Structures are given as C-alpha cells and as structure tokens.
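Labels run A, B and C following the written order; every chain starts at residue 1.
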C-alpha cells in the first residue's frame, strides 16, 4: 500500500466509515492517475508540435493561449464534437474496445512510477516486471484496431506493429535484466535509490537498447512502421475518428510521457538530485522533459526504417548488444560485490568505466558490419563529362 | 511446412498521401511484397494539347506553366524554343542568358522539391522538406522579381523573355547564391550520408541501363543508371554552349543514385548561374515580334530542352494560322513512368513509395 | 559510417532549432511583396482606354467582356468609343498578365492584392463601376515608367491617370487624335507577309536598346 493511498485513507477515516474511506482513497488515486496521463499527453503534444515546428524553422501552434499551450485542448474539443464514424463492415464490439484497450496500459504504467521520494502511487515489489507486462497489452490493442476496422492499410499497419512490438520485447527485457541485477530488486523505488551513479553511465548499452526498444514500442521514428503516414495513410488507426481517434492519440502521446518517466526512473536516477527530499518532483519533471526532447529530436531528424530492417535491427543488433551488456554486468556484479551482495558507489564507477568502453566498441563493431551497405557515391565535380557508351550513342539528328 | 497465403489487391491512390498528385496504382501484394502493378493515370487530364490548338502562340505559354507546375520556367523555355524554330528567329543574347539563369534556378527549385518529397516518402517528419521549401522560397522570390509570379510564371515569350530584370534582381540573386551553399550543405549533412537513408535506398529498385534505354527514360533517372545523357551538353540551346558544367552520373541506378544525381545537379546548376552572371551583357531581351504570330504554313519544329525531370519537348506544326495545327508534348514524367513495373515488382510496399519519390514524377505533366 | 553521419544529422536539426522561424504569421504580418507582383484588383484608367478590346482578345481564357458604342463625335476629332460594359470574371482569371501586355495605351494594369475572396461567383466579377471607383494602386508589371519611379503599390499612394502615362499627357492626346501609334514597323522575320498585317507590336525590350532586331 503506497504512502499516498495511506495518507488519503487516514484523512478520510476521521469522518467516514472505513469502507467509504477505502473507496475515496481509491477513486482519488484513480483521478490523479488518469489526469496525470492525460495532462502528460497534452503537455507532450504541445511540446512536440511546438518543437517540431521550430526544428522545421516554422512557428508552430501559437493561436490558443500563451505560446499555443492550449492547442491540445482545442484539438481534443474539436475531436470530441466530430462525428464518430464506424465503418459498415467493421467488427463493431472490437472497434469500440480499441481506444479503451489502448489507453488503459498507459494509465496503468504510471501507477508504479515514483514521482518523488515515497510518492509512487503503488510501490510494487515487482515494478519492473509490471511495467513490461502492462506495456505488452498495447500489442493486442493495435492488432484489434487493424483487424476490426476492415481496412487493408490498417491491416498492414497492425501486422507490422505486432511483429515489431513482439520482437522488441526481447532485447528490452534482457537490457532490463542488467538493471535488476545491479539493483537487486524489482521495485522501481529501489531502482532509484540504488542509482548513486545513474545507470545511464553504468550501463550505457542497456540504456541504448532500452531507448531504441521503447521508440519501437511507441511507434516513433525511425521505427514508426505501424502508422507510417507516407505509406499506410495512418496505419492501424486509419478508420478511427472523433472521440476514438482522440483517445488513441492521447494513448500514443501519453505513452511517450509515461515511457519517458520509466526511462528516467530506470536509467537517470529518477527524482534524485540536489535537495531531492523537497525538489524531487522538479528533478523528475526536468529529466522527463529532457528524455521527451530527445524523442522529439530523433523524430524530427531521421527517416523511417523498413519493417524487415527493423526486425533485423532487433534480432541482429539490439539483441546481441543486450546480451553483451547482460554478460558484462553479470561478470562485474559477480566480481565486484561484497560479501552481503551490495555494490558500493566506487564499484558502480568502475563498472561505468568498463561499460562505456564496451558500449562504444560494441556499437562500432556492429556498425562496421553494415559499412558496405552504407557507402556513399564518390564523384568529384569537375571530373568532366563521361563519354557516352558507344553502343547507345545515337547519331546526331537533324532537328527541323 | 508452407503457409497458404492469399494475394491482396490494394488501390494506392488517387487519394493516397504520397502518390505525388492524383496517381493511382493497383497493386497486388503477397504479404508486403509487390507481385503485380498496374499504374492508372489520367485523373488530371486537362487536354493541354487540344487547348493549344485554339490559342495563339503567346497564349500557349500560359498553358505550358501548368504542365510541370514545379518547373514552369523550363516548360516555357522548351515551348519558346519550339516556336522560335518554327519562325526561324533567334532571341537576343541577353534574353538567352536570362532564360538560362531562370531555367537553372527553376531546376534547383524543382530538384529541391524532388529531394524533399523523396525524403518525406522515406519517413522523415518533413524536416528536410521544410529546409528545401525554405530554399525554394527564395528562388520563387527571385521569380516574383522577374515576372510578378512565383509558380505560374509565364516569363518567357517566343523571341526572348517578358521583360528585363529589375535593378534589385541582381543583388538579390548574388545574396541568394552566397547563402545557398551553406543552406544546401545543411541538407547534405542531414541526409546525404545518413545511414538510415542508405540502408533504405541502396540497391533498392535498381534500373539497369538497357531497361532504361529501352524504356526511353531520360533525365536524372537515366543518368543514375550510368549514361551521361544531357541535352544541355549534346544539343546546347540558349546559353549552355558558353558555360562550363559537369553532368553527374551514377552507376547503380538504385533509389540512392537517383537521389544523389539530383543533389549533385543542384551544385552544377548553381555553377551555371554564377557563370551566366559573369557573362551576361546589356542589350535587348525581346525581339519586336507581333503579339499574334503566324508562322509559314506547313512549318514544323521540335523544341527540346533538358528539363528537371528529363527530356521535355514540344512538337509544333503550323498551318499558317494564328494557333498551331498540332502541338505534341513529350513529357519526361510520363515516359519515365514506363519502367514502373520493372522498378516496383518484387519490392516491398515501403520501397514502392520511396521509388515513386525517387522517380520525381509530376502528375500535371503526366496527364497533361 | 558507424552512425557518425546520423549524429551529424542531429546537429543540423539542433542548429535549426535555434534559428529564427522562416515563416511568418500571416494575418498579422506578410511576406515582402515585389512591386511587380501581379495580383487581383485590376487597375483601369477609363480616360486612357479607347475601348479597342485588345485585352479581351488577348486573354487566353476570354474572361474580359467589353461592350462599346460609337461616341457622338467622330473618333477623328479625338473622341473614342464609349464603354458600356467592362467585366473581368476574376474567379477564372489566372493572372498571366497578357491583357496588360496587350494594352497599347497603358490603360490596364495588374493589381497587387490577393485577398479578394468572396462567397459566390457573382461577386467575383469586377464590373466597370468597380474598376472606376477602386483604389488605383497598380502593379509595376510590364510598366517600366512606374518601375523607374520606384513605385510600390503596397505602400504607395493611389495613382491618378496622369501619373501613369509612359510619356506626357500631351503625347497621349496627340496619339489619341490620330488613333495611330507612332511606332517603328517591326523588322522582317521569317513569319511570312500576312503576319505583319495585324502588326499589333509589342514594345517590351528593356535595356538601352529600344528595339532589337533578330540576330
């Protein structure tokens, strides 16, 4: 039972009977959760649209509120009043379930993230496992969306999405094993308190793999094959409109915010920072903002990979990297830990030194394997006009 | 054990977001792989050739603007060369240089569009496209100075160009040329050697030289397959005989080569514009031809240029009247599309979009 | 190589993030527009117009409608046709500027606006009264006399018909009286003899030399 729940319950039980107080505490937590995700989604939508605008050298949304901050709410309001179209041949029950199934895991994921010291809504002792399990539900929702809308582009998107999501589960899970090994616990609160040195430095390979895997699971560039707008119109959510579309978008952007929170917790030492007892939430939000910025930055820069290349990347590149990382962590933990199985800060620094070198060399090694594929053309301007091939040089024609 | 799969037919277009206009492809997929392609076009047919038969020779210039609407200057040039051959006149030298400058700037603008949309099809979120638009915008501003319009320019006339450039055009052109290399360098740094662009486009949808020649393909698509075939070199018109430039040629004929050839041609076009500024001299820019032209009956002419997309030509036949008896347009986009099936079959859906982007077709020109 | 080019790409986008936006927020600010810009709000000077309908004949779309009636006095005495209808169907206009090119008396000018959208097609026909009463801020397109005076239609004052003449007002009267423009006959070109019969010559040459012959 988390501290917040306990606090609300104990306040309410002064004037209410015990069972009502449990209800009040539960509902309050639910409201906080849902609003956190939706507000996170709204803020992220604004941030993304505004930043992408500036990356493009455009102004970006600036009509509603200061710096266009109310743009997500205007979008949402517009979508709510739109006609809700269900295609004639759609599988109606499934079609209606899709937005719910898509939004639910995102909200649930936020439940275990500690925003500040002792502020997790639920401090599960299997937090890492819970996050992994809950995010996998999205796979099902995507497939439901593609199947039920009876649209071929949606079906393409769903098939791609499912393939990508299932493949990327594997390296992501293995990269998290390293985190769990060093922490010695699966609780996210323990993961944060174990990070006297941020795991970004201790396990850069795991961070790299987890970031790539999260991008793929969130359908963000360069892995956004499931909703590739230049190929598949809108991918699996082509047929959704109105409120359903709004919910799917909220789930998508809320998912990015939630994933950024998870990444911060796992690799950037969560709420830790100067004066973290009072300002922990501020450090947490700042770090989430930085990770969200990185997501947007990557989206603004890179093209999309093809679906088979994404699968190859998962199995041939990220999986070996995560295995290398796991092996290194296992050996380091085995040799460095003291008798009670605890790693000191000095041990973590040693691990960081070894693993950063390992990460650079491993990425360079795998990068060199595709070097033949990525050789650019070389041609010096001023080399002159190459002679036309004699076999195809036509005689000069008289033009009337 | 082999799974029984069923081919799936999908209509890509005419309302698909990345078919570059109202182009439609009926594609039969086996999974994601293309087994059959049937291109369908004609949704943008406006009957330009027939319309030309009831316009006089100067009015047709406005029709040519609307063929390949991202390279109107070059269309104007091709048509005006045709009419000049029909009449047997030659424009004054200053007009030739003005035409060359305008056409090369337009080639840069058109290639920027081609590059930008190619990268958009690759899945970038419009970033290189926006940078390309930013540069193209400056070129269009120059066109506005020249002739008062940005897209449908109608700048050239049989016997020269509309009007001399205003005094502020030359400093503006200098400023543009000064800033352009660094801005274009940004795009090169962003995408030219980007690993994702490479793995997406290297070796994909290769077009062998013999297929290209049999398909009568021209322009950057042909040069990417390894043949230096450029009418600016082989049959120099306007001022091209007096300027130095190279014809970029790649060997592979894949999507990356087509994209790469365009990138290099932009540099060459800028080089040509720089030389033209050095060589141009004061003088008249337009012959004193009547507004209503009447070529000799039975005269025929073939006005041909190397447009941004390939060989663009106007075949004109006169019956002595005020409008041509027949105007045939050889539009490069349409003829480049004849190799579509060869390029697409066997590749994946995602490659198909990129390949169409690398062909840089323009439906205004395909359907005419 | 090794993802270094991808890192270089990230630097490019980061650099552009810090730049000032290239676009402008339209209703509040506008991009700079060249005086030659050919736009809506055609400018027409009735005093200069003779009702010859060259513009109507030369319009590729045929959207200019001109109806005239003979005047009471004789044209030889300096009078002209009286214009009854001068309609421009602006909703079909493609702003090619050929009507301005065709006008031999500098009576018709392109406008400089682009914000004349209406809700029905009927409202988008510019009639003779609209042309008479409109603010006369002509584009300098194909009008070198305005260009050499550095006239900018977006910021300049409306021009009276005496201000826009290529020559002085007297010249204009003189020309009108004879209804013939003293212009050099075009040099011979390979177009055949009948081409010169309707020699409605253009005089756009620019540069120092006024009329260049064929090379």
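To be clear about the criterion, contacts are C-beta pairs under 8 Å (C-beta built on N, C-alpha and C of every residue); 3 or more make two chains touch, one makes a residue touch a chain.
Small disclaimer: the values here were computed from a predicted structure and weren't measured.
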{"item": "Category of the chain touch graph - line, ring, star, complete, other", "value": "complete"}
{"item": "Identifier of the chain whose CA centre is least distant from the whole-structure CA centre", "value": "B"}
{"item": "Chain pair with the higher count of C-beta pairs in contact (A-C, B-C)", "value": "B-C"}
{"item": "Chain centre separation in whole Å, for chain B relative to chain A (CA means)", "value": "41"}
{"item": "Inter-chain centre distance, chain B versus chain C - centres from mean C-alpha coordinates, in Å", "value": "29"}
{"item": "Centroid distance [mean C-alpha coordinates] between chain C and chain A, Å", "value": "57"}
{"item": "Residues of chain A touching at least two other chains", "value": "55-58, 300-302, 374"}
{"item": "For chain B, residues that touch 2 or more chains besides their own", "value": "127, 131, 134, 190-191, 193-196"}
{"item": "Sites on chain C at which at least two other chains make contact", "value": "1, 3, 6, 9, 12-13, 16, 22"}
{"item": "Residues of chain A that touch chain C when the two form their complex", "value": "51, 53-59, 62, 297-298, 300-302, 363-364, 367-368, 371, 374"}
{"item": "Chain C to chain A touching residues, read off their complex", "value": "1-3, 6, 9-10, 12-14, 16-17, 19, 21-23, 25"}
{"item": "Complex contacts: residues of chain B adjacent to chain C", "value": "55, 58-59, 61-63, 65, 87-94, 127, 131, 134, 137, 141, 144-149, 152, 154, 159, 162-164, 166, 186, 189-191, 193-196, 282-296, 320"}
{"item": "Partner chain B, residues of chain C touching it in the complex", "value": "1, 3, 5-6, 8-9, 11-13, 15-16, 22, 33-34, 36-38, 58, 60, 94-98, 101-102, 110, 139, 141-142, 144, 147, 184, 186-187, 189-192, 194-196, 198-215"}
{"item": "Contact footprint of chain B on chain A as seen in their complex", "value": "52, 55-58, 152-153, 156, 160, 221-222, 224-225, 228-233, 299-309, 370, 373-377, 379, 381-389, 392, 399-400"}
